[in-house]
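Across the two complexes that follow, chain A remains constant while its partner is chain B and subsequently chain C.
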Partner chain A sequence: MNVLPVARLTFKELLKEKSFIGLLTGEVFLLFISKLISNVVAGDTVKVAMDFSLTFFFFTVALYSIFSSIGSTFRDISDKVIYLILSKPIRREDYVLGKFLGIVLAVGLFTFLSFFLVTSGILIMSSLAHLYVPHIVIVERIVVVSIFIFFMGVFLSAFGVLLAVFFTSQILAIFSGIFLFLVGLELSPVKEIVTSSKYVSPLNKLIVQVVYYLFPNFSLFDIKDYAVHLAIHIPLTYFFLVFVYFILYVAAVLAVSTFIFDRREL
Partner chain B sequence: MKRLFAAFLLVVLAVPFMVEADKIKPCFNKVMPVLPYSYKQVTLSSPGFRSPVADLLFINLCYLTGNDVFNNWKERKFTKEEWSRLIDNVSVIERLDPYYFDPLYYLGAYVSWKVYKNKRLLLKINSLLIKGSRYIKDWRLPFLVGFNYFYFLNDKIRGAKYLEEASGMKGAPSYLKLLVPRLYAESGKIDFAIAVTYEELNKTKEKPVKEELERRLRALLAIKRLNEALSVYRRRYGRCPSNLQELVRVGMLRSIPKEPYGGRFFIRKGTCTVWTTSDLRPVKSTPSSR
Partner chain C sequence: MGVLQVNNIKKRFFRKRSLLKKQEVWALKGVSFDVRKEIFGFIGPNGAGKTTTIKIILNFIRPDSGKVSILGKSNREISVKKHIGFLPERPYIYNSITGKEYLDFCADVYGIPYYERKKVFLTLLELVDLIGVEEQPISSYSKGMVQRLLFAATLINDPELLILDEPMSGLDPVGRNIIASAMKDLKRRGKAVFYSSHIIQDVERLSDRVAIIVDGEIKLLDTITNIVQKFLKGYVLTVRKVGSNNIEVFKTTPGDFWPFLEKLRSEGYEIISIEPERLSLEEILVSYIQKKRRAD
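Let's turn to the complex of A and B:
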């Protein structure tokens, strides 16, 4: 398998991208916004600052994963780099897997740097706050949240690669990626609302149930509250179940991606 | 360069039009309405943003209730309907982020005082606080519920129940341990008050609180003894005595026990039960009673 050369090439290429440093800079800006918003709330300002910082962190990683995975694959095709790569003894599935691995490395580095920025920002905001009852910040909890955000990024990257090999328009692929992500975040509340409503027909309830089971559930990776509220405890079983779900689903998405790419006319 | 200068000139020329248009733009009512938020709409329109949206809704609530304090130095007067909507909005916030303490504190410590005449709204606040205390282990939540019950709703037994819960929680002030038996005693549940005081005495390690609880226990036991004598008297004579001295006169008591707080025991005519002028609090004129 010649996965590693493609992965190395993708990783290096993604680090040179403006979006990498651009989104990180944007994150610093969003941290300032979080601080400003937290200033206008009554009571626990650190809680509000953490809510916003971690939400921005979550969405920045998601956007980076979508843009980098779709952008990088499309660029290879539009710049004809793909012909150069495939002229070497590299199979098409090796290319897809290598691409994915390189994106995962870039997303991992991006998540790590974001974690560093966000945690530093939160600790600074916490030290500046003068609260009657201090809000305790536990960095280990932010680490756990960051690991979940990384998994979510990897999950989205797998979908990014799939969309990039499936669609012939980059814009369409990016919008589909964002749509998929937002729908995946809403699955649980939509199912909860629809199934408990007496105004929704049984057929629509069934459709929602089917979509709930088949669509990727990104809300599983959204455990930001765990870092904010110390009263929340997540059982180890939850981590295990999410990890298994993540591995199985990513493997399935990659299988479909390689299947489509093998048959695609370049 | 000419083109840039022309562009600048065009922008400058556009400014007076913008200023004039801005002046005659239809203006919305300056008093911000209290909009009712729906949990379903908020959840569906903000994927992944549940906690920040909860924060923003709370900021909005604070702004609504505090805005006029800053502008006109007087509080905004809300209608009953608006208060009800504000409380409903806190319920939406709590569904979005059940571990968020500040909106509940805002309800219990501020809104309760504004709607205390409306029993329905007070009960609504209490149910939200009780729901919140399932997630947030903070003594102030059951305390606020208990306070609303005994102070505004005049339900001392329920008030005492929640205050008892609060007094057992981490960080609760020691005076709660004393307040609970007093509320039970005031509502006529002397045996309950004695039991709670005993329980607290066994749990408490702080010396001043222990001493205070012992004094409370002495007072409660004295009330209990007097009440027992009173019921024997009523059974025998079929009426309530006019004062406690009568119990001594007929030989049911050797003497009236000393009131540990420096007050005086007396008979409440309506219920024919014994109570004290001190209300189980140290009487200021006799500090030596400690």
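Let's turn to the complex of A and C:
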């Protein structure tokens, strides 16, 4: 097994890519935007700012995961770094796993740093608001939200690796990644509309049901309301089930990636 | 004895002609050779199938038929890669990392402990004349420096078989010399070196044996000495009449050589030197390429 060297190399390379620091800078910029929006939108300013900050957090990590996983894996293949790697005693499955692990580490660090930025931003915004006392509970809940965002990033990264080994065009891979993500976010509303419609045949409803359960559901990881509205409680079983879903799905995606990559001509 | 054995490998690609039509192209039409503990040159023009052969040897692509074995095992077995070094054609590594970070990756793969690394890296960097730049990002290296670094890295596991795809192209004379002496050193230590080249310059003095590949077929495989002998054009004789200071030069074909010597002797000439006149490897290669052109 030679997974770790690949993971380490991937991690180092990703941290030095411009997208890492670039998207973190973007994150800070988006915090200011959130503050600006909260000033003009009606409602509890702090909650609105928090809502937007966490949404931006979610999307930035998603974007970073897609770009880093597809970009890094794709570059290896198109720039022939893969030849340097696979001429060493590294199996193709070691490569896929190591690549994924390295990306997960980078996404993890990215999420961790984003968490600091976002939490500081939110704490500053709430202390600027009158009559608002920042409470540790908020930070605790942002931690939980961040962990879910991290899982979402890992989930997307697994798909990123799959798309990168499947497609021979990087643009196509990235667009598919973004498409997959956006559709996976809006699954429930689509399903609700279709299944409650009188105009859709039962067969099509069934198909939509099946797709709904099989398609990667990224909205499961979006629990920002949990931090924004302290009254909301999420049962432990939800966390547990999402975690099991996440693990099984990631394992399956990696298995398929390995299967494809093993047969690919390089 | 065979370190690398390539048995009748064939490889077909499909080239897209239009949206639906695909043209079948046989890039390799049954290539066989074996590499011993020697320097083996694999020469041929661009598009002859050198890189394709190397990709098959390293299991990056699979042949449509045929077999490759390395050190007596199938090339599909991952364990054989412990004893291989490989430098791809126009090699590339991430610009953002440093030379040392790449060497660290290689050392990680082969399980070289940290306390040994400094010494190992120093030896390798010294070999390719890169001491002092290892902490700098590869983006600051010239193309030749990257190639030298990656070449040095292929030696980190002291490979039994070194495979180099066009190692000389893109290098200045000093860089070429560095690689050539490293290859000779490996051979001296009982290792096998297999390298491809479309530039003949260094091949002749560097290789023990060469295979000439044109259009997916091996046209010739022999030792450099034999090849050069086989392609003897004739002899150049430098002579003078006994007692005279007047030097004369004659050329003969191999068939006329002995009668011509007889004649010179009977006419009272003494011989100053006899030199065989041979086709250079380059001319031999060109003759094969032209033969192919004529056939097309």
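To be clear about the criterion, the second predicted complex is superposed on the first by the 257 of 266 C-alpha atoms of A that agree within 3 Å, B and C clash if a C-alpha of one lies under 4 Å from a C-alpha of the other, contacts with A are read in each partner's own complex, and residues count from 1 in each chain.
By definition in this document, contacts are C-beta pairs under 8 Å (C-beta built on N, C-alpha and C of every residue); 3 or more make two chains touch, one makes a residue touch a chain.
Computed from a predicted model, the values in this text were never measured in an experiment.
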Legend entry - Joint occupancy of chain A by chain B and chain C, clash or fit: fit
Inset, instruction - Considering only touches as defined above, state whether A:D222 meets chain B (first), chain C (second), both or neither. - result: first
Inset, instruction - Scan A:S196 for contacts with chain B and chain C and give back first, second, both or neither. - result: neither
Inset, instruction - Figure out whether A:L182 sits in contact with chain B (first) or chain C (second), or with both, or with neither. - result: first
Inset, instruction - Could you tell me if A:T55 is touching chain B, chain C, both of them or neither one (first, second, both, neither)? - result: first
Inset, instruction - Identify the partner contact of A:T237: answer first if only chain B is touched, second if only chain C is, both if each is, neither if none is. - result: neither
Legend entry - Geometry of the superposed three-chain model: angle at chain A (Cα centres of chain B and chain C, steps of 10 degrees): 170
Inset, instruction - Please work out whether A:S127 is in contact with chain B alone, chain C alone, both, or neither, and reply first, second, both or neither. - result: neither
Inset, instruction - Once the two complexes are aligned on their shared chain, state how close chain B comes to chain C by Cα atoms, in whole Å. - result: 30
Inset, instruction - Could you tell me which stretches of chain A are touched by chain B in one complex and by chain C in the other? - result: none
Inset, instruction - Spell out the residues on chain C that touch chain A in their complex, using ranges where they run on. - result: 55, 58-62, 78-79, 81-82, 84-86, 88, 90-94, 96-97, 101-102, 105-106, 108-110, 137, 150, 153, 163
Legend entry - List of chain A residues in touch with chain C within their complex: 2, 4-5, 8-9, 12-13, 16-17, 75, 79-81, 83-84, 86-91, 265-266
Inset, instruction - Sort out for me which residues of chain B touch chain A in the complex. - result: 40, 43-44, 47-49, 51-52, 54-56, 58-59, 62, 66, 97, 99-102, 105-106, 135-137
Legend entry - In the complex, chain A residues that touch chain B: 37, 40-44, 47-48, 51-52, 55, 58-59, 182, 185-186, 189-190, 193, 218-219, 222, 224-225, 228-229, 231-232
